[in-house]
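Notes follow the structure.
Chain naming follows the written order as A, B, C and D, and within any one chain the residues start at number 1.
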Amino acid sequence: MTQAPTIAFQIFQSILVVLAAPLLMGWVNQCRAWLQNRSAPSILLPYYTLAKLFHKDAVIAEHASPLFRLTPYILFGCMWLAGGIVPVLATALPFAPAADIIALVAVFALARVFAALAAMDIGTSFGGLGARREMLIGFLAEPAMLMTLFTAAFISGSTQLTTIVDVLAHRQFVIQPSLAFAAVAFLMVLLAENARIPIDNPTTHLELTMVHEAMILEYSARHLALIEWGAAIKLFAYMTIGFALFAPWGIATAGDWAGLPLAIAALVAKLAVAGAGLALIETVSAKFRLFRAPEFLSTAFLLAVLGMLTHFLLRT
Amino acid sequence: MELLSVLAFPLLGGILLGVFGHRRWAPELNAAMSLATLLAAGALTVRVIEEGPTTVLEEQFFVDPFNVFLVALTAFVGFTTALFSRPYMRTEEHAGRLSAGRLRLYHSMYQLFSFTMLLCLLTNNVGILWVAMEGATLSTVLLVSLYRTPQSLEAAWKYFILCGVGIAQALFGTILLYFAAEKVLGAGGTALLWTHLHEVRGELEPTVVSLAFVFLLVGYGTKVGLVPLHNWLPDAHAEGPTPVSAVLSGLLLNVALYAVVRSKVLVDGALETGFSGNLMMGFGLLSVVVAAFFLSRQRDVKRMFAYSSIEHMGIMTFAFGMGGPVAAFAGLLHMTVHSLTKSAIFFTVGHAAHATGTQSMDAIRGLIRQSPTIGWGLALGSIAILGMPPFGVFTSEFMVLTTAMHEHSWATPFLLVALGVAFAAVFGKVQPMIFGETTARPLPHPPALVPVFVHLAVVLMLGLYIPPYLVDWYRQAAALIG
Amino acid sequence: MGTSLAGQMVNLLAAFLLLVAFAMLSQRRVLSLVRLFAWQGAALAASTLLVAYSTGQNHLYYSAALAVALKVILIPWVLHRLIDRLDVRWDIETPINIPTTMLVGIALVIFAFALATPISEMSSTITRGTLGIALACVLLSFLMMIVRRKAIPQVIGFLAMENGLFFAATSATHGMPLVVELGVALDVLVGTFIFGIFFFHIREQFDSLDIRHMEKLKED
Amino acid sequence: MIPAPLAGALACVVIWFVLGGFSLVPAAGASFARRAAFPLGALAGLALAAFGLRAIWEPAASATLLLGLPGMPFHVRLDPLAGFFLFLLGAVSTAISISAAGYFRGETPGRLALIGLQYFVFLASMALVILADDAYLFMVAWETMALASYFLVTTDHQQSAIRGAGFLYLLIAHLGALAILLCFGILHGGRGDYTFAALSSAHLTPQWATVAFLLAFFGFGAKAGMIPLHAWLPEAHPAAPSPVSALMSGVMIKTAIYGMVRVIYDLIGGVRWEWGVIVLVIAAGTTLFGVLYALMQHDLKRLLAYHSVENIGIILLGLGMSMVFIGFGHPMAGALGLIAALYHTLNHAVFKGLLFLGAGSILHARGLRDLNDMGGLIRTMPKTALYFLVGALAISALPPLNGFVSEWLTFQVALQAPILGHSVVRSILPLFAATLALAGALTAMCFVKVYGIAFLGQPREPRHPVRDPHAHSGGDVGPMEQFGMAWLAAGCVVLGVFPVAMLTVLNRVAASLTGTGLSTDALASGWLWLVPTTPAQASYSPVIFLVVIVGVVLLTALLVHRFYHGRVRRSDPWDCGFPEQTPRMQDTADAFGQPIRHVFGPIYLMKRSLPGPDDASPRFVLKIEDRHWYWIYLPIARLADFVSARVALLQQGRISFYLLYSFLTLIALLVFVA
């Protein structure tokens, strides 16, 4: 399954994901600003931020262990890998078989674990607090995510994203209540995993509320840049996973460059809509108390499981 | 010839020690006589292996695979116990608990006791069997009350009355047996000879025989310590001197069970029904369960192991009751390993009680610190008696359980519960005695631990490997018992 | 011809034994107990003689002699000496309510007969009913041992039980082999002496022969 | 002539016994045990692993020993299943023996001699359990194993807590053994032949087969530590010296899994799906219970013990699914489930051994076992920290390490559910997958806690250090212990990155038990791709995975350092500008578990004591207890007491009553006869 064009395609997609991710971030911020009728920042702002960070001096707490310095690269690497596996533009990517949906979830888990460890490395009060909250969210979000994906996997009889997308994209359209359940669950997980309102607020440093920020407090400069960038890629990857599962139309198969423009157009459209939607959600909803988060996520988990059950029960 | 010498040595020893029993070298003499008995028994065993069953003195005495191995066992444990009683009795004398006169009594009675037991085993005459059994009671009752403390007197009195009454029932049973045999064999000597009874057992009158068996079972069963006839047993074991407890548990109970099994063989022959077997299984099971629950309440270490003896006697009775080659084999094996293990335990317990000056388990702690050998002896002994492999007790329990699971699966839950409870009870009490901070003091006379470890070594061997001649010996005996 | 007469005599003695057994059950005074025991022994010896005579079993004469020597003379004498030495001559005890004991005893006798009848049917000996009586005697003495609260009466009960057994042996089955008889007699004798020793020990420990003092060893 | 693998395995067993015997020899024994015994034992383990691995590729071989029951000598047999478990035992014990050589170096001769004896008897008996081919030898080895480990657990018997743990352990082990014995009794059926061949040929009615299954399942489950019979495990494993804990958690409880597979698949046979469902339910409970209680622990070894409970649950999940599939007549999926279970068995052995050795290193080097006393160890014990990190990631089922592979396979088994005919079972199977997912995430949380508290952050002042005389403060542990950990860490990586090799091995094992192995294209897919069924359905390639991540990380680092001026300033932590940070402000282990306590409150039995308002030295005490004590164990104990109190009425000391008993017995029997 390894011939040159698909490899090229793979590389192209990977790079595209990495480069385009901050753009999505910027777009979401812009939409949110509009919705909260503030004057919107440039859509390119994330790039500026990253550039700025990359030019600063890094400040690291003494008695920070090597693990602390290694983590940002690992986070970035994991996200990049995820972006490479998800069929963003095309299915049947050469890397895709290397990791199915379960492995994909595991990649995010790996990143989370390292982030949490790094947060505890310095031994500050906030670091531990952030790590604890992050893991609290994670231990519910991860299974919910898995169950969502399983629903799709059961429908398509495979855990390979490629196969899933093929099946879902090229079957005649039927209403799948199970998928509806799954979609809602997925959305909730997406919000939680990407540190979005109502679970977390990426723009706050209030000790009572912050989760993700509390973990990366000690980071600065290039490390911080890598982490932020990784976060952007994560959001991008999640959205594309969402598209792959629930709106797989217009995606190309690896190697046929002809289908590419259509695929890109479709992707951009979907992302635009989804980003706007995300901004809308963040605007209309308020941040939960921390201990509402488990309820929120267990609801997601429940919905996902329900989706799976309905699939079995309604299957004739 | 060997047979008679087996009987002669302990009798002689009893008389000699009755005279010299208070001398300083009396314990050695005691051990020597037991050794002589052991050697004679060994010779007898060899003879039987070579020439098969024989009878002597116009058939008054006989040996067959069943009793010869019990004779060997009895002589062996008798000897090791005599070895153990040397330092033990010295310490007692040293502590001023026993006067010279008592020692004389002890030594001569010890020999007479082994004489009566060997007589029980070797006699061919069911009547003499009864006489010797009563003699065993008479010779031990004074040993139980040796300390003349209120408790020991009470224990001895109960032992005497209960066993006396029980044994009286056995006599009635014997009379009934004779009554039945008389018609077949005619009046006179032969009608009570087991060999003859065994030949004609098919023709004996069923109703009479079954009646006789009830009396025999209740009678000898009292001495076996079957629940609810067991009440004398824990008292007698707890209050007597430890060597006596060792031989009571290790030998007397076996011999009594031997008598029961002998009668069972005749009855089965006469009845052709599972009557006797079911009766024995019922008693056995009851004993196992009840004894197991008694175990968890004990404070006195010797008392606890006395109850454990009841439990194991129950297992054997159950096994013999089930019958069949495997179960009977298991029963015989269990007889062997139980008496070896239990006497070994009593040896260690005796030394432990001396080292700590008490028999109360709450006061015995950390033996393994003060004297590793005593501690390990007790630990391994208890583990063995609780039926943990690789010790031989497990071997027999393994056979009993697997056979029972097939033949009488209804009984296995009881056995399971009983074994579990017994394990929890005994082990939970023994463990703190062995481990932890010690309360023990060094002993005035070096403890005799060779017997302990010899016994345990044999038991261990029987768990992993049973010598072939021992096997076919057991097999013949099992075939005999059926 | 003699059989019928001898048989009747034996049955008479058997009845007498039963009577004595009941008397012992209800007797309060120790001395009288000993006396009754002696009478029982005598009746035993007599019946043995009769059986010996009527069946010509010679060894039964020895048994009879043994019985006289042991049960009529020696043991009662020993008991007398003991009672004197322990000076419990006048000591009486109240067994639990005698009428009930009596009723239980009667029930036992009936039970014993019921048990013994099928066996005595097949008995070849001249004395059929005696087995039931012997069993009844055994059970009655058992009952006596249960209800007695003092050491000496309990032991007398024990010996009485042995009498019952002896009776069973001699009358129901023309006597066990002599060697056995001798062994049994020896045991009984030794037993009596040991009991004697015990009385003194118990006395010195509990300064009373009341066995209710001996209830310390128990599960609590 | 005995074929080579079997002979070799037996030789290793003998060597272990001999080593144990030698350590007992006074004087010489001590120095021998200190210097040579453990390394030699490790070599024997290595050889054993090799023989086991080879045996998997060879036909089953059997032999007869001279010892044993009359008419039934000990039989031994080496088939793929036994070979696999021998491999596990040998490979893991090698590492543990080596680090034990370092760990026990400082013991006094007396203790060392005993430890040596018990340690090697323990190893040898485990090997015999696996090799045994008749019920008797199996039981003997099984109980010897329990005994040896019991004495090892009570090595420090001065502490009453440890004595209690040992007692509980041996008691439950013995009850389990009795249950197994009865199961053999059922299979044996009074035919007098106890060989496994004879037992497996027994014809059982469905009811009896089910009884046998239940006896075996709970008998072995008691040893494996599944609920509700787990109570001994969190007590006993921490009590033992660390290498022994590693051996017990890593290997011994796996022999119970071996026993289950051997008895249920091989001896009883005719697996029914209802059995599978029973196993699954218990397994799900065990998994969640284990991890949730692990999250509440602050004693490191205790925490690890609870994780052993959890992982046993995961193994049983795989086993149960396999039984369900086989019961419904899908042997191929059944084989996959078995493979997943066995793979996780091996993985757990490796990483749990590693983690316990790590905990032992901390205990040995610092005298610490309470997480709340640790902190910042990564700076003073970098090697240990690295190996422990590998273990932590592995047990958290994170790619590309081994824990992930087996859990991934288990998920794949659950995803086979649609082929089942029974609609209910079909729809509940994924729920067990959900349980697994939840457990995996919670495990990750738990080990973030462990690693973050123990190795990261800043050192906390120890409140209750263990008085370990050999605790040489400062610096890392000795080379022996490091080697042991390195060995197992390497195992985690290799098993994680090259699962296909192991898959083919396990395929042979599963085929030998279920008759059919995996599908052909599952095996045809080459060393690079782990494919449970078909490439279209699922595949995973840890090699590519690893290469890509490492590549990307390196690339990023390269780029960053290429374009970045690379100035780095060290300074105090910022922490939102919060002034004077002290180590006491860090999270404690208990604090880290607090959200879980909040979410899963009802599951725990919590005893809180809050400080009063005017408390001079305020102290917050929280005690978490296991509800099983109050639901099962104590009631049983009370019942036993009650019964024995009633029974004791038999023995009230009055001789008249005693006489009455025998009188009544006599009368009753006479009535019964007449």
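Criterion: a contact is a pair of C-beta atoms (placed from the backbone, for glycine too) under 8 Å apart; a residue touches a chain by one contact, two chains touch by 3 or more.
Remember, predicted model here, so these are calculated numbers, not experimental data.
Undergrad: Centre-to-centre on C-alpha atoms, which chain is most distant from subunit C?
TA: When every chain centre is compared against subunit C, the largest gap points to A.
Undergrad: Taking each chain's centre as the mean of its C-alpha atoms, which one lies nearest the mean of all protein C-alpha atoms here?
TA: Answer for the innermost chain: D.
Undergrad: Tell me which has more C-beta contacts between its two chains, A-D or C-D.
TA: When C-D is set beside A-D, the one with more contacts is A-D.
Undergrad: I'd like the Å distance between the centres of subunit A and subunit B, where a centre is the mean of that chain's Cα atoms.
TA: For subunit A versus subunit B, the centre distance works out to 79 Å.
Undergrad: Between subunit A and subunit D, what is the gap in Å from one C-alpha centre to the other?
TA: Inter-chain centre distance comes to 36 Å.
Undergrad: What is the distance, in whole Å, between the centres of subunit C and subunit D, each centre taken as the mean of its C-alpha atoms?
TA: Roughly 70 Å, centre to centre.
Undergrad: Need the CA-centroid distance for the pair subunit B / subunit C, whole Å please.
TA: 31
Undergrad: Can you list every residue of subunit B that touches 2 or more other chains, as numbers and ranges?
TA: 157-158, 161, 165, 169, 211, 234, 294, 297
Undergrad: Could you list which residues of subunit D touch at least two other chains?
TA: As it turns out, subunit D has residues touching two or more other chains at 648, 650-651, 655, 659, 666, 670, 674.
Undergrad: Can you identify all of the chain pairs that touch?
TA: A-D, B-C, B-D, C-D
Undergrad: Would you pull the subunit C residues touching subunit B in the complex into a rising list?
TA: 57, 115, 118-119, 122-124, 131, 135, 138, 142, 145, 151, 154, 158, 161-162, 165, 168-169, 172-174, 176-177, 179-180, 183-184, 186-187, 190-191, 194-195, 197-198, 201-202, 205-206, 211, 214-217, 219
Undergrad: Show me the residue ranges of subunit D that touch subunit A in the complex, using the header's touch definition.
TA: Where subunit D meets subunit A, its residues are 375-376, 378-379, 389, 393, 396-399, 404, 408, 411-412, 415, 417-418, 423, 426-427, 430-431, 433-434, 437-438, 440-442, 444-445, 447-449, 451-453, 456-458, 529, 535-541, 544-545, 548-550, 552-553, 556-557, 560, 563-565, 567-576, 578, 581, 583, 585-587, 591-592, 594-596, 598-599.
Undergrad: Residue numbers of subunit C touching subunit D in their complex, please.
TA: 111, 114-115, 142-143, 145-149, 211-212, 214-220
Undergrad: In the complex, go through subunit B and note every residue touching subunit C.
TA: Checking each residue of subunit B against subunit C gives 60, 125, 127-128, 130-132, 134-135, 138, 141-142, 145, 148-151, 153-158, 160-161, 164-165, 168-169, 171-172, 175-176, 178-179, 182-183, 187-189, 191-192, 205, 207-208, 211, 234-235, 238-239, 294, 297.
Undergrad: Which residues, counting only subunit D, touch subunit B once they are in their complex?
TA: Those residues of subunit D that touch subunit B are 66-71, 135-136, 139-140, 142-144, 146-147, 154, 157-158, 160, 163, 166-167, 170-171, 174-175, 178-179, 181-182, 184-186, 188-190, 192, 194, 640-641, 643-645, 647-648, 650-651, 655, 658-659, 661-662, 665-666, 669-670, 672-674.
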